[in-house]
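Down below is the structure, laid out as structure tokens.
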Amino acid sequence: MLEKIMNMDRRVIFILVALVVIFPTLVPVRMPITVSEPTRNLYDFIETLPSGSTIMIAFDYGPSSLAEPEPMAKAVMQHCFSKGIKIIGMTLLPNTPTLAHKLMRKIAAENNAVYGEDYVFLGYRPGTLQVILGMGTDISSVFETDYENKTVDEIPMMENITNYDQIDLLLDLASGSTTEAWIIYANTRYGVKIAAGVTAVIIAQMYPYLQTGQLIGLMPGYLGAAEYEKLLNAPGDGTIGLNTATYAHLLIIGLVILGNIAFFIQRRREG
Amino acid sequence: MTYNKTFICITTCLLIFLCGTYAFSQEPTFSTPTNVTAKDTPNDDGSSITVTWDAVPEDSGITGYKILRNTDSGEFEEIGKQLKPTATQYKDSEIEKGKTHAYFVQAITDSEALVNSQQTEGVIATGQWFHTGKTSLFIAMIILCAAILVSIYLCRNNQDVFVRRIPGLEAVDEAIGRATEMGRSILYVLGLGGVENVATIASMTILGQVARRTADYETPLRVPCNDPIVLNVVREMVKTSYLDEGRPDAYQEENIFYLTGDQFAYAAGVDGMMIREKPAAVFLQGTFYAESLLMAETGNSIGAIQIAGTDSEHQLPFFIAACDYTLIGEELYAASAYLSKEPMLLGSLRGQDWGKIVIFVTIILGVTLELFGINWITTLLQSVR
Amino acid sequence: MKRQIPLAFCFLFGIAMIFTQFSPHSYSQAVYKEVINWGLIISPFAMVLAVVTLIQTHVTRINLRTEHWQYSLIVFVGMIVMVLIGVPFGPQNSIVEWLYNNVQVPMDATMFSLLAFFIASAAFRAFRARSFEAFLLLATAMIVMIGNVPVGDLVWNKVMSWMPWTDGASWLRQWILDVLNNAARRGIILGVSLGVISQSIRIILGIERSYLGGGD
Amino acid sequence: MEIIGIWVAAFLTLCIYSFLYRDNPFYRFAEHLFVGISVGYIIIISIHQGVIPLAWEPLSEAISALWAEIVGTTTPETRNALWGLFRILPIAIGLLFFARLSSRHTWLIRYPIAILIGFGAGVAIPNVLQANIFAQTRGTIEPFAAMNAGTLSVLDTFNAVLIVIGVICTLTYFFFSVEHRGPINWLSKVGIAFLMIGFGAAFGNTVMGRLALLIHRVGFLLNDWMGSIF
């Protein structure tokens, strides 16, 4: 019996995980959320920006990892549009332009923002390092045209924007190590302020940068999205997802405890 | 004498009166922006001029500044946006190269009045060849490079340079041996890095060493690549390994192939290969992202010996959980030296250790000095752009 | 000579790139920018070769009728459809976009989501307190997981209400990440950086040259 | 079209999930389609966002500028466009990859490779030194400045000291050229403990993210796909 529990077929675990995720999706439950400091810092930074400021959002998450960054993007864009802050969107990943463009259009339409005046989406150019550094000297040298094939220099909101000097904040919504590239090349070399919204997996690696002040704010995964939604007082995908995830966490914790109990009983018997 | 006293009296009265009028006057008077200077921005490419002026107190009634500029003594024109009242400098990056620019600052008062500063002298922007703010970085680089090079030089003829045990690398022969015994293949995954990524190069040199061993046993070595240039380099390297071992006949080029550049399509393809070909040993070395566990867990499910290694510290926990052996961070870079036992490479490992000692000393010295309020080390380590 | 000249180029470009990192002058920055573009222009040529190897692999499989050879046809169908429409009409073509959004994107996302299952099975298998180190791994993982979900604080505030502070679970998680994890990560980063620098020096100076392959 | 898209996506999603049970024809189908489509997409992107804007356009502009030079209709713009001729160099270097096809000239591909590797190594040294070594060392020392100023709480002081200990011990673990005996062994043992705690924390922290992806996918199947049926 113990042997069976300890060497449980992984497919049993798979079924349990599936059940525990499907069930709360059908029957939603609400739970209270506390807002962590890095998320609040980002919110406060954007909150205190004057109307007419410009932030750049780098949509550095692939289509496969949009679950966490997308609710963040929605929340932050909603916040910016409501405060009259302009947004320049771009991405370092080749697969992202379509979905980022779609998302920007959607949130902009909901907030009556106008393309070219309130926001613009530059799209993708190959070469992570090259793009980040290139924009430090001149954005239009990297992105001669935006994603909709308009010449960047002729877009109204880009008139007074040459490089990072005119950008108040760069928000990197990342599912990989792009944030580090932004910090190493854009912050270190050009001094642009950087905040990040990252998937849970890379949160841990962001903390040193938060502590050294290279990141001014950070949204940690679903929790970050849910926290930002709470600050905006507009619960959305982040809040729902967080609740569902809770059950799955409890399942995994339960499984690990079960495995260890079996392990200890067996070791006592043997030893 | 009397005359003198009278004079002092009158002057004092006058002064008091003047001060009084100034202090109690209803109309606030505005000081013009003072100390306005324009200088070529230091440490830049010669594309900007920085204008600075003195800060004014908060209650000065100034609501903003405008900057005016002329080119080659021509007309003054307003440039840029209106600045905040707290601003004390403006970086003009829209200058004409090689031409002289002069500036003045216009303070805007809360009654919409404009107060002009004095005009600055004309400035020509020039680019600098060396960023003086990066001097400490440059020196550190030289010290570090020197430490590594001296170590390499000292070890070049030394056949037995000591290197501590790296368990993951000791398992390499075991893994290859087992694959040979079972008559199964070996799967080598180089991660998602491109050829300019240093971790990928480290992984390729490990692959070269693995290939030397598989050449002897004729164990098939399968290498699915996701970067086209890496593919080309790897083919050359593996071929060389087989040649060096005197087994060019055993080299099969089609075992090293391009799968796809997409992260998860690559993982799907590698997982499919694992489950169908059932390799006896799986190597996962290089730069990895989220696909690490997709491959490592599938590899675990087919019972392969797995040796992982990455400098992507965020993926290390998953390799630790799902693989038999994991090279942690810097161990990946030590691996090629460890496996090849080449004195020059082992020497550079020793240089890295000297680098660690330099970091230790810096940290301990820095902490001690900071405790006494001395902060030059922290200042030197300040990042500059 | 067939090795020396490429190594000389490697040295030249390496040193030039180091120089451009220290030199803000417009000439050195122009060189830097141009070389960056070179990298982008060079890569697609290698792509052609890579795709040729991919085609060769699958053609061989089809010719030899190896096991599952039929699936190689599917690779070709996918690739040829994309290339035939996408190359002349660009990635914004509606058919390309449709294929991308309804074939590639969902599969990308699904592959990624498999990790939810794998992380559970890996945790169940690997998190056994076999040794002190394994226990540390297991314990911190559990604490962080509990602190990551709102229910952690809920339970803390109920059970530990006699403690002077609230929200202890998320505080503990944050503390572990901020302090302990931070220290470990910093150690790894510093080590890796030294490794990168030493490897880079070896490359620039031509000590590490195995990437050039063999021959003269 | 949209409803077909949802059905196709849902079918492929289920095909991939079938891998959890075992390898099967559905997974094999999805896997190979995935590889084919993704390679096709990468080809499209590298042509339309790499070759055309960076090589083809500057070069063709330069050639017409060259023509303008010959017929004498030069303008400052065409003069500037002449710089595009330099793009012949990287194109030529890129073409060297095809030397692989002839076994006698294979060595020529060393040129593009050596240049790219040299480039990567050169950029890495100063940037890694500054952003990782400098910044991380500084981050370790900096809290002690606040300690001197007396603005550091007891807990923060404890944390700062703990981080210094952790960094030094972890880095000691990576010492390669000395045997781990005596005090070094002791320090590196503590380093391993820090590493394990760090890995545990990162692992536990990731679970949330991975579940998020599954939740999103299940949401698609239940709401978008099932929703389109009922």
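Note that the chains take the letters A, B, C and D in the order they are written out, and that residue 1 is the start of every chain.
Everything below uses one rule, namely that a residue touches a chain if its C-beta (ideal position, glycine included) is under 8 Å from a C-beta of that chain, and two chains touch if they have at least 3 such contacts.
Here the structure is a predicted model, which means the values were calculated and not measured.
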Third chains touching both subunit D and subunit C: A, B
Selected interface, B-D versus A-B, where C-beta contact pairs are more numerous: B-D
Subunit A and subunit B, separation of their C-alpha mean positions in angstrom: 22
Subunit B-subunit D separation of Cα centroids, rounded to whole Å: 14
Subunit B and subunit C, separation of their C-alpha mean positions in angstrom: 17
Subunit D: positions in contact with at least two other chains: 16, 19-20, 28, 30-31, 34-35, 37-39, 41-42, 45-46, 49-50, 97, 100, 106, 112-113, 116-117, 119-121, 123-133, 135-140, 142, 164, 167-168, 171, 174, 195, 198-203, 205-208, 210-211, 213-214, 216-217
Sites on subunit C at which at least two other chains make contact: 18, 21-22, 29, 37, 39-40, 43, 46-47, 49, 51, 54, 68, 91, 100-101, 104-105, 107-117, 119, 121, 123, 125, 127, 137-138, 141-142, 145, 148-149, 177-178, 181-182, 185-186, 188-192, 194, 196-197, 199-201, 203, 211-213, 215
Touching two or more other chains - residue numbers and ranges from subunit A: 10, 14, 17-18, 21, 62, 64-67, 95, 126, 129, 137, 188, 200-201, 203-205, 208, 211, 214, 223, 245, 248-249, 252
Of all residues in subunit B, those that touch subunit D in their complex: 134, 137, 140-141, 144-145, 161-164, 194-198, 201, 229, 232-233, 236, 259-262, 264-265, 268-269, 271-272, 275-276, 313-314, 316-318, 320-321, 328-331, 334, 346, 349-350, 352-353, 356, 359-360, 362-363, 366-367, 370-373, 375, 377-378, 381-383
Touch list for subunit D against partner subunit B, complex: 16, 19, 22-23, 27-28, 30-31, 34-35, 37-39, 41-42, 97, 100, 106, 109, 112-113, 116-117, 119-121, 123-126, 129-131, 133-135, 137-138, 140-142, 144-145, 147-149, 164, 167-168, 171-172, 174-180, 195, 199-200, 202-203, 206
Sites on subunit D touched by subunit C in the complex: 1, 4-6, 8-10, 12-13, 16-17, 19-20, 28-51, 54-55, 86-87, 89-91, 93-95, 97-98, 100-101, 106-107, 110-129, 132-133, 136-137, 139-140, 159, 162-171, 173-174, 191-208, 210-211, 213-214, 216-217, 220
Partner subunit A, residues of subunit D touching it in the complex: 20-21, 41-42, 45-46, 49-50, 53, 123, 127-128, 130-132, 135-136, 138-139, 142, 198, 201-202, 205-219, 222
Residue ranges of subunit A touching subunit C (in the complex, touch as defined): 8, 10, 13-14, 16-18, 21, 31-34, 36, 62-67, 95, 97-99, 126-127, 129-130, 133-134, 137, 141, 200, 203-205, 207-208, 211, 223, 242-243, 245-246, 248-253, 255-256, 259-260, 263-264
